[in-house]
Amino acid sequence: MAQDTYTEFATTGVGKKLTKALGLPQPAKLRRYRPGAPLIHGPVVLIGSTEASDALARHLLSWGLDVRRHVGPKEQVAAVVAMFDAVSTPADLSETVLAVGGLLKQLKSCARVVTVFRDPAQSQLPAERAARKGVEGLTRSLAHEMRAGGTANGVMLDAGVDVAAPSAAGALRFLLSGRSAFVSGQFITVGSDHGMLPTDWEAPLQGQTAVVTGAARGIGAAIARTLHRDGAQVILVDVPAAGEQLAEVTNEVGGTALQLDITRDDAGERILQHAQQYYGRLDIVVHNAGITRDKLLANMDAARWDSVIAVNIESQLRMNRALLDSELFSRPEGRVGPRIVSLASTSGIAGNRGQSNYAASKAGVIGMVAASSAELQARHGTINAVAPGFIETEMTAKMPFATREVARRLNSLSQGGRPEDVAETVAYLASPAAAGTSGMTLRVCGQNLVGA
Amino acid sequence: MAATPRDAVIIGGNRIPFARAHGAYANASNQDMLTSALKGLVARFGLQGEQLGAVAAGAVLKHSKNFNLVRESALGTPLDPRTPAYDVQMACATGTEAIGSLANKIKLGQVDSAIGGGVDSISDAPIVVSDALRAILMEATRAKSTGQRLRALAKIRPGHLAPRAPGTGEPRTGLSMGEHMAITADKWGITRQEQDELAVASHRNLAAAYQDGFFDDLISPFNGLSADNNMRADSSLEKLTKLSPVFGKDLGANATMTAANSTPLTDGASAVLLGSEEWADAHDLPKLANFVDYEHSAVDFVDGAEGLLMAPTYAAARMLQRNGLTFEDFEYFEIHEAFASTVLAQMKAWESEDFCRTTLGLDRPLGSIDRSRLNVNGSSLAAGHPFAATGGRIVATLAKLLHGKPGKLGFISVCAAGGQGITAIIEGR
Amino acid sequence: MNDPIPIPLPKLGRLYRKAALNAVRSRLSSGGSLKALPDRPLLTEHPGITEEQAEQYRLLLEGEPFDGTHRQALPSVLLHIAGFPVQMALLSRSDFPLPLVGMVHLSNQVTHHHPVPARTPVQILARVENFAPHRRGTQVDLVLEMYPAGIDIQQTGSADLLYTSTSCYLGLGTYLYAKTESTSGPREEFTPPQKTGLWTLGADVGRRYASISGDFNPLHLSGLAGKALGQKGAIVHGMYLAARMLEGREPEGAGHRWSISFEAPVTLPGKVAFCAAPGVNKTQHFVGWNPRTGRRHFTGELNIP
């Protein structure tokens, strides 16, 4: 992985002064999740006195947080949760927004602002929809304004979903925690009251079995490690040629290795067979395996185009069919069913020069996830995509220095993410606490300036 | 078949791709390779932290520093360090012997789980000093004074310093294995054509098995190699016919053995996981096949009374008799291709009325082996033959072939240096 | 038998120096007439082959995989080596009519009656007999007999005989009898059989065998000396070939008989193709030949009880 020497330097005392004086980006050392560490250090201010906010406050208190309605003018604040769930016209935004604004200068580093509101698309009332849509806009802008590793994101609730629903709490906790270090300017939708909160927040995947494809290295290996850390038993899949590294990662996480070319017709069946044999269950499938074969479209050949489509999206469609047709992957346990998390890319959202094939496949993933959601939700399951932005991997380490340096800084956090950041989001979406979130694509990009 | 207290189940296997000597694994040691094969096996079956009954493997060519090769290798894996491990050595039969003896331990209830296998490296073969130099060095070591030591060391002559590499020659005859086989091939009238055909079939079968993904869960890559690099998918009779004989050249026109119908020197390692039925079930592991029985034999080859590599013909006769089986009872045959002519001579012997009656003491010939059941996924001619690693390759391949065919039997024959041989029976489940 | 002449165990080095002188002298004196033949055997006491010697022999023959160190009885060729200085003493006596330098070993016949372990003192009796004309000179048999130490060999005779060998030598170019042109028949046609072994002999085999046996005949030591003496290079000791032939085949309990006849010498370094074939009555037949030219180096036989 390429070392981000600039961030290392800029976070030292001298470096901080120097980069500030020069007007250079000031990447902060991000607060990342560590088992055993507190969820968040310092007061969490809850703004907006709706009835729902009381329910949410109870959750926050149960997590041992220092929840406040008000803080003194000098007090440092770790997070602000702003309730917009009851806005019916844009004028309603003002009070809460200004209250949030008043706290911004008191935010600690790596602070969190989370807005809670209802899905604009579900309102047919122009004023209400305008107000809800307004929350999106202000949240995104705020994300750009956040400093010192702070992020701003939103939790967007469906009409029928209670603010206190498990997945709303799950989303809020994820956004407050270090797990979402590289997620900013994003919205997590909660579409149902499916899901349940874990008894042990440090092992939310306890007792569950997960498959990760492309697990031999990079983001896939990080996902396997994170799922394992969160308590899951992991089946690590990669092509036979990557078997040596696959074995290393597998042995590290105490999982089982399955050498498999996912473009095989029977890849889904083989995964199911393996899961049945070794674990007797399959709860989580992470479609991480992917390849790039970059070329300007003018120079694109069939081999480059077809292989990327075959690996990055066709294989997933075929495997999902097999998975969803199986008994093993279909049975819901209580209010939680099977979960699929698929790796998309910001290239799939914004496009990227030389990546028409890759972008097509990744946009395809986004489409597939949205279209498959109903089928998964019907069995209390979920399917979501995660779209990484610039992540420091072996792959990006091969980029030319200047390109890499620019790509790193082109986001609100002024740095590249780590494979673990993607993995944390995958693990969150795979957790029972996110069972109410499905069909969406969540970006892990530090609010990349490119794209939406 | 003979009733045993309980079944010894073959759960699966793992090997690293076999590499032609002085190639991809030139800088890898036996321990590196065996450790990698074991790590892959542990990963495949989720054995991290597991305390197994035993790990038994070996190497034919071994450094003296590797006196505890298998234990050291096992310690380099995530297996519970309290898993005992030991070295086994029976020339090319090492792997099969390790697996067979572990299967016996499982049947007897001495262990519940085990890994058997083997490794060999030509590229990292031990080079030793001459006996004379060794004697002088030992004398110097024993010396009680500096003077004595210097007097001992003063005996060293330049000629003593030439290192000795181990050869593949038989110590008692000075003949290489190939030369021995050439004599046997000539005796049994094995033709060049049939040897070349067998070699081509081996390459094609192996390539097809790779293509089918058969080895996806039997091999894990090592040192950048993900498939046996001796394999030539485009091997053809036309190409092979052009080669000149390399063994038995003093046979003149009857010299039939070429580089292509003989196994090249190869580096590699393999491992097979075995367990009792209960252990496999308790660990949610697959049960591919049972290791039913095995048999050794040795022949008096020194003065040419029997061919060096013909011992398995004797073992097969005894083993089949003991189990009340004939060749018709077998679904698949895995006959180690030390040389194409080895397989052909063994098969010819089993077909021979005279040999089976007079030499093996049977009432009738064992009969012919259906070629469509022989080495169906390739064998040593294509894959290569890192001596001690071949047994693990064969057992895992055959067990997978028989998986899902309960009660179907597989036959294994492996010849070994020193006029020895080993045969085994595997039963699908 | 005439009374043997008791002598101390001869020192080979001294004998070789004497042989060099004799070579000059005999050339001066032997005008092709048969002088009186030596008729008294030599008798000496030998302290026994040391374990060190046995070990060196084992290393030379690469016999490690054959005998290990467990074998108690010494191989026949080591007993021959024990007797060799006595033979040499006999050959270098002033009354021996053939010059030592230029003696060619033609054949050897051995009966190894009883096992002899290392460090067993023995009495060695050496005599010559059967002088006979040969196409290329004069041949003679050198007989070695070994008895246990401490017994009176005049009294006990053959009952206590441990080992007896008859080595036939040719005194090349010394004609004690009238030259006979017709004694050599046409050369026997030799078709090599299927080999059962292949010996690879290094350049140092002559020197190594010499250091164990004490037979420092320069013919075996260096290519230059070999060429000077009319060979293509250094040639291997005949008894080395006998040792290789017998390695791993001699019974621990002895009682075996063996013989070897030498033909074309083996030039060093070189390869010898070898065939051991079973015969009737526990007799094995051996033949060694040049795998390249097909020329026969030796034939041999071993009969075990």
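Which chain is which? They are A, B and C, in the order written, and residues in each are numbered from 1.
Keep this in mind: a residue touches a chain if its C-beta (ideal position, glycine included) is under 8 Å from a C-beta of that chain, and two chains touch if they have at least 3 such contacts.
Since this is a predicted model, take the numbers as computed values, not measurements.
K.L.:
Centre to centre, using CA atoms, which chain is the farthest one from subunit A?
P.N.:
Farthest from subunit A by mean C-alpha position: C.
K.L.:
Which of the two pairs, B-C or A-B, is linked by more C-beta contacts?
P.N.:
Most C-beta pairs in contact, of the two: A-B.
K.L.:
Measuring from the mean C-alpha position of subunit A to the mean C-alpha position of subunit C, what distance in angstrom results?
P.N.:
91
K.L.:
So what's the Cα centroid distance for subunit B and subunit C, whole Å?
P.N.:
Centre-to-centre distance between subunit B and subunit C: 45 Å.
K.L.:
Approximately how many whole Å separate the CA-defined centres of subunit A and subunit B?
P.N.:
Once rounded, the distance between the two centres reads 50 Å.
K.L.:
Which part of subunit A faces subunit B closely enough to touch in the complex?
P.N.:
So the residues of subunit A touching subunit B come out as 236, 240-244, 246-248, 250-251, 254-261, 264, 277-280.
K.L.:
Would you tell me which residues of subunit B are touching subunit A in their complex?
P.N.:
36, 39-40, 42-46, 48-49, 77-78, 213, 215-217, 219-223, 226, 284-286
K.L.:
Can you list the subunit B residues touching subunit C in their complex?
P.N.:
Those in contact with subunit C are residues 131-132, 135, 159, 169, 171-175, 179, 183, 186, 250, 302-305.
K.L.:
Sort out for me which residues of subunit C touch subunit B in the complex.
P.N.:
59, 62, 64-66, 192, 194-200, 204, 248, 273-278, 284, 291
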